[in-house]
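Pasting the structures in now, so scroll down.
Both complexes shown next keep chain A, but they swap its partner, so chain B is in the first and chain C is in the second.
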Partner chain A sequence: MNIKDILTPFTAWANVVKEPVTIKDPFNREAAPRYRGFHDNDIEACIGCGTCEAICENQAIDLIPVDGVETKDGDSGLRPQVDYGRCCWCALCVDICTTDSLRLTNEYTWIDTDPDNFIFTPGVTPKSWYKKEEGWRKPGNGYEFYSKERVDMEELHAEERIDSFIEFVKGYSKEQAEKEADRCVSCGICTATCPAHMGIPEYIKAIRNDDLEEGLRVLYETNPLPEICGRICTHKCEDVCSVGHNGDPLSIRWLKRYIADQNPSEKYKEILNQDTSKSNGKKVAIIGAGPSGLSAAYYLALLGYECTIFEKLPEAGGMMRYGIPEYRLPYDQIDKDVNYILELGVEIKYGVNIGTDIKLEQLGKDFDAVFSGTGLHLGRSTRIPGTDNENVYFATDLLREIVLGKDIYVPEKIVVIGGGNVAMDITRSLARLQQIKYGKVDCTATSLESEDIMPADREEVVEAREESAIVDPGWGPKSIEIENGKVKGLNVVKCLSVFDENHAFSPKFDEDNKKFFPADMVVESIGQGMDLSYLSKEFKEKLKFTERGRIKVDEYFQSGVEWLFVGGDIIEGPDVIHGIANGHKAAVGIDNLLNK
Partner chain B sequence: MINKFLGFTPKKEMLPSQTVTPDTEIDLSSHKYQKIWLGPNHPGVTGNMAVELTVQGNTIMKAQTHVGYLHRGFEKLIERRLFVQGFPTSIRMCVAEPDTNEYFIARATEELSGYADAVPEYANWLRMLSLEMARLQGLLRGVPGQGGTFALGIGVQWGVYLRDLILDRFEELTGARVYHMFIIAGGVRGNLPEGFKARMEDNLRDIDDFIVKIKKLMFHNSIFKTRAKGLAVITPDMVDKFGIVGTNARACGVKRDVRKDNPYLYYDQLDFDPPTATDGDVYARTWIRWQELIQTVDLIRQIMAKMPETGDIRCKMPNVLNWKIPKGETYVRLESGRGEMGMYYVTDGSDKPRRINLRGPSYNHAISVLEHMLIGADVADVHAIMVSLQTCPPEIER
Partner chain C sequence: MKSFIEKLNSKYVLQEVVYQRDDLVFAAIKKENAIDAITYLRDYEDFTHLVLMSCVDWIEDGKYQLLYLLHNPILKNDIGIKVYIDRENPEMVSAHHLWKSIWTYQREMHEAFGIVFPGSPRLKENFVVEGWDEIPFMRRDFDTHEYAEKTYFPRGNRKSNDPAEYMRKKLYPSQPVTAKQRKDDK
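Moving on, here comes the complex of A and B:
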């Protein structure tokens, strides 16, 4: 020890003359731009998916109803409420928010005397910091908590598929399905929108767990036609999928197909383990073996009812078989779903025409209840000059005849009027037949609606074009040119708009902008109508009808006649999944009626 | 010497270092001894733990450490949460250097799920930067803090100010000052903000000045020397016996440093040599830490010079909500400011860890080594010894 060691520490006194380093006003110190301070939520953008709630490790978030936010498709109507007694400001909720609506501002001082105030709803409870731009947002640079990209489904190339009706969408492999299933955040937003309220997150989870038997059981809880829906469902669920807000929505339909495809039909009975051997002694008649009829029969059979389906056509499926081309929905897949329903003891009587072969009133007497799901099988006409020619057809008729194996007229040049999925179905079917017959395709589809508002699924339009069909939207049909009794083509004029300000159908045309589609055959596909000729005049008087001419039903699809339930396309839709949902609900309604 | 300094001759039992061994017989009924509890609430104890002291006069005859006042069950909490939900909890296991625990959770899950090599390079450099910044802020508190245990308060104030500047840098890089939650499985949660390096360099220059100032204040200080030299000596033969690591081992000449012995991240690309000393006493430990302060500043400069300008911050990984990790186990470790820390991590194929266990240096240093070091020491030196062993009760109890 020396004297230096005693004196040197005193050099610290030099600090006495230095400026202090203390922050004078610590309450107004601006935090860093990335600071994780208090929550803000863009209430308009948030969809109440609850993913923030799911990831919060402190259970600081609760989804609650909020004034002014309505529940609707794709929005639960709830918004996250945060409890600052639990929150640790980790911002995991921000990093996973499916819509990017949630963020943390860099505000960090909040003094309050009431502890309950620290539970608040960001974006709703008024707070001074909402206007602040700075704060934590989801980082970029490759940072994401779930993949935004959909796993592509493999398809046959146009050249491989155009000369046959072979199914062209290949289906997911195990690896692909599990990868796609991994993207789901299990929010259930899709379930609410699905007309049948299928347990989507649950069956997607079963895929992740590689428990496809459980997956099948989940499917059959709400949908007895999974092979079919896994292929051709209009997938309204995908339109609202929360992952779709910031990337591609989950491929829900293909995942459903994956589960159904992977479970062999022979094992269905064992997997689903449904016992229908005990009858409750009551009988229900079902008119039409379409989706709604099959669904009603399935759920009624599970409840112990003896069900008999009366089908006019030689095979089951209704529009699914006679309206949807085989390349989209192969017949063996329809059979797989239908056969399982038959295994439960449901009987189908083919070739029976209700109204002519058996009167509806008679069914009402012979059975305890009747469900009618007769579908939309009649074509609608544009009624333009020339439609009475023999070579002007309805799409629905042609599609049915193709399935029935009839030899239909396929000329070298065809034009289809219509822009919906049925129009695309007939265009692509006829294109295939042309390719088979002539080795080339010359089939044009033209619709009133312009490309952006065409009702057909986008992929249908794209695939039709891949298959060399021409889709030329935005034209209003004027007349069919006939020469010597033969169709020569279709005259159209430019369509400027389809709907008026009130969204009512009121097309406007530019009469000077004309076009001529040369063709030997014209197919009309502008919508389908129902055939209610099986209802006698006296019977019709007992029923009630809506303004649009549909039979009036209650929430259980019960009509004005107590024993008659009506569902499917003639009530709602048109699509398969509404039919399935209607059938299920009607089964419950029938059970309520007969078991009360 | 002491007589000269104090101007009187103290009585024998007032003097430190009576010859006491762990085997010394203590007969409490003789009324020659007294029991004192230090802690669990005491400003000198760095967290909540207690030391039960049996003293004779000022001399500690026997010491028993008691923990259990701070148990929050963090390991169990993490075992009941998804993999991604673990890191906000893990950081609470060590307030002083939370970043190490973030790293463990990230690294262990990456290793067990096969993503260890997928972490982007830029992210790994940022991990290293944040880990060294954590070491730096710890040293800025720890080095002058050792002076504080001998009532040298001014250095602590300088250190706390500079530590706050580093926390400012943490704040702009990670979004938080103390619990950063920055290192996440797959990478990190943010890139380097614009102008960060320049602001960091400014702070490092201030710290350079501080290093010189604190040297004068502490290491050319007769009181500090008198009290710290020869106090609580760790000898090299104790190192393996007690599992002593980090600066506590290096201060007695045993060169142990995970960054060198088992390099992780890109430490093999940095130029540094961990300092060592031979005396193994409180003074030597503080001196080593002061040298590490210089080295850490240098390492941060090296990292900022060598890291890429930009890049991806996280690799593509499974959906964090659905992430399952196959059955497996791993031990991940790193050199924290207190020495080797490690985490044993077991997975069972589910979406949550089966078992995690933190191997923290404080567990050995502050429970068993401390008990040993206190025997024969003066009551007034207990805090100095605890701090010199880098006692961190929150890390003992998880």
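Moving on, here comes the complex of A and C:
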């Protein structure tokens, strides 16, 4: 026997003092930094869009109301609840999360005797792991389930569009529209914000399925003016788009336009398949062929009412035709929407002025109900010295006269007072007329509001500047300089703030910081007023008015006089989509009244 | 790596060559030449180690893509060989004679995608699921959602809300809406 054989077993004793390779406490072992463990949700950032629920292959997620979270524009008020009896921690819910609020921490142990406890609301049900920073988050390195960038809309360049009124937004091609539609997560958060509550996810889905006839049917359920809204809607829906929380919001407006553009007008009747041949024998008069009047007529016609629209101007559309310039909304597109409504049997009597040609009270006698959507067609004045000069105009009057084909005064230098969309419309229209007449543009728009709070859509300001118009915001008009009865320009002072701490209109100025805009013509575009002269004094006494001088209506737009319904810009807005929604609801209200 | 890929390309026509990293290249080889190429890589180019084998379902193209990831322990390089096979009749020449470990991968591909590797040992034995009578579960046309719904009973204490519907009821219950919603309300 060898001495080595005796000693070798004792060498094993050396291992007694070594650190063991096994884990002492397997329950408190930290997982890897990107481990996909238990959920956490940032309740403030989450908007309850439900894409986590939709993508979950195991149906482990429900959306439930949570105390303290309010349902409002852009937030459903719901939050995801996870069932750990079904979850497989694949983290698809995290990877699709539109707000990046959902994550998985790297916590992975949870012992409980009651199976029902394993259903919990991340971020709401108190859990120890929320404080853990490590775990799985959306990688964000280009790994995305939907594109963050919207498909660009092709437009004519400023040089190509400045010398005419042709439409400059080209519209999506099939490939572009389908690519853009593919970004939609179908959450439907946008629907509540749209004043007409359009079925936005449904019509976007129709684009994805290349079923544009179905798309048109979806559009017409809530909006009979899709060509128009597809071009000039204020698209509040896009402001709340869940995809917009982390990228560009969907181009909802352009997608709507795509559906309407692709369906030829001669096929509308066949596609929409709406039968209005059966009359219910009741008649409704509608004052004004603007968005609210047309919408009311459309929905009433579908219910079997005989509708007659009385329009003061020679063509239908109201502000859509006589306020919005042709380069944004071509007349043939207005006609396409209007003609379909006429095909349903709606009649329009043009050139009829209610109040003078026919008394409103007479309409009330001749018809079973009356809807009035007369709009805001009167300009408002700043009332600064000099506004009584003949070369000081209202934007609404000029826009209307351009459409009516009248020869308007276009001097070489023009200044526009106002920072809203109408101000941009008149600025850009006059810039075009200057380009046509003089081959150059010298038109300045100045507003009280500074650049960041200008009420105009951002794109309008950008496009106006592209077209060589000057937009110089943040100035308060003081006086119009008149010399020998001629306009010489506009005196302004710096505006420091427009609203006080209670958000009330109360502009403050720095009187020492002055500026002078030389001009031969001044256009005021600081808002519009309503012309209610068609209401006689005795009639007015029967109506109720709000503190702001608007006619008081109930939720179905019924006024104090039972047979009179009022809607559109004179009640809500001003914009097209509110008018459409008002008209739709008033139609339901009229039907409720006459079908009692 | 580049010169090696050029050399390989002259022997077996490579497609979709992607230089992923300095030490990792992907390339597609035609089904007929793939096992030949893999054998050559193992026996002449020192790619002696099979790292893994996997599969992707390109349902839109009607193809499965097999991936053989090989490692060269001398140069510390990796090459991923992609092979596209027909999705309708998914069959691939077995490579079980090259590495024993590939038996298991091929068994997994068979269970998860339904791919047949003729001659591969124990191919049809269960891998992770027992008594499976649906279409293979990793195929993209397998509806996991539907399967979960019909297989696992729902808990009685769960109820969900559709965001758009919930917002309608909360924010604008009286607004006239779509025909479908009007019908649902009734």
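A few comments on the model shown:
The rule we apply is simple: the second predicted complex is superposed on the first by the 576 of 596 C-alpha atoms of A that agree within 3 Å, B and C clash if a C-alpha of one lies under 4 Å from a C-alpha of the other, contacts with A are read in each partner's own complex, and residues count from 1 in each chain.
Basically, a contact is a pair of C-beta atoms (placed from the backbone, for glycine too) under 8 Å apart; a residue touches a chain by one contact, two chains touch by 3 or more.
Computed from a predicted structure; not experimentally measured.
Because the two structures share chain A, they can be overlaid on it, and in that overlay chain B clashes with chain C. Of the two partner chains placed by superposition, only chain C is touched by A:D116; chain B is not. Applying the stated contact rule after C-alpha superposition, one finds that A:L92 touches chain B and leaves chain C untouched.
By the touch criterion stated above, A:E555 is placed in contact with chain C alone, chain B being left untouched.
Of the two partner chains, neither chain B nor chain C is touched by A:N263. Legend: residue contacts after superposition of the two complexes on their common chain; A:E57 is shown touching both chain B and chain C. Of the two partner chains placed by the overlay, only chain B lies in contact with A:F145; chain C stays clear of it. Legend: residue contacts after superposition of the two complexes on their common chain; A:V21 is shown touching chain B, with no touch to chain C. Looking at chain A, you'll find residues 57-58 touch chain B in one structure and chain C in the other.
The touching residues of chain A, when paired with chain C in their complex, are 48-50, 53, 57-59, 61-65, 71-72, 76-78, 81, 83, 85-86, 116, 119, 187-189, 191-192, 197, 199, 201-202, 218, 221-222, 299, 555, 581, 584-585, 587-588.
Only residues 1, 4-6, 8-9, 11-12, 15, 21, 31-36, 51, 54-55, 57-58, 88-92, 95-96, 104, 136, 139-147, 181-186, 205, 208 of chain A touch chain B when the two sit together in their complex.
Only residues 1, 81-82, 84-89, 120, 122, 152, 154, 161, 168, 171-176, 179, 181, 187, 189-191, 193, 213, 216-217, 220-222, 225-226, 310-316, 318-322 of chain B touch chain A when the two sit together in their complex. By the touch criterion stated above, chain C contacts chain A in their complex at residues 144-145, 148-149, 152, 154-155, 157-168, 170-172, 174-179.
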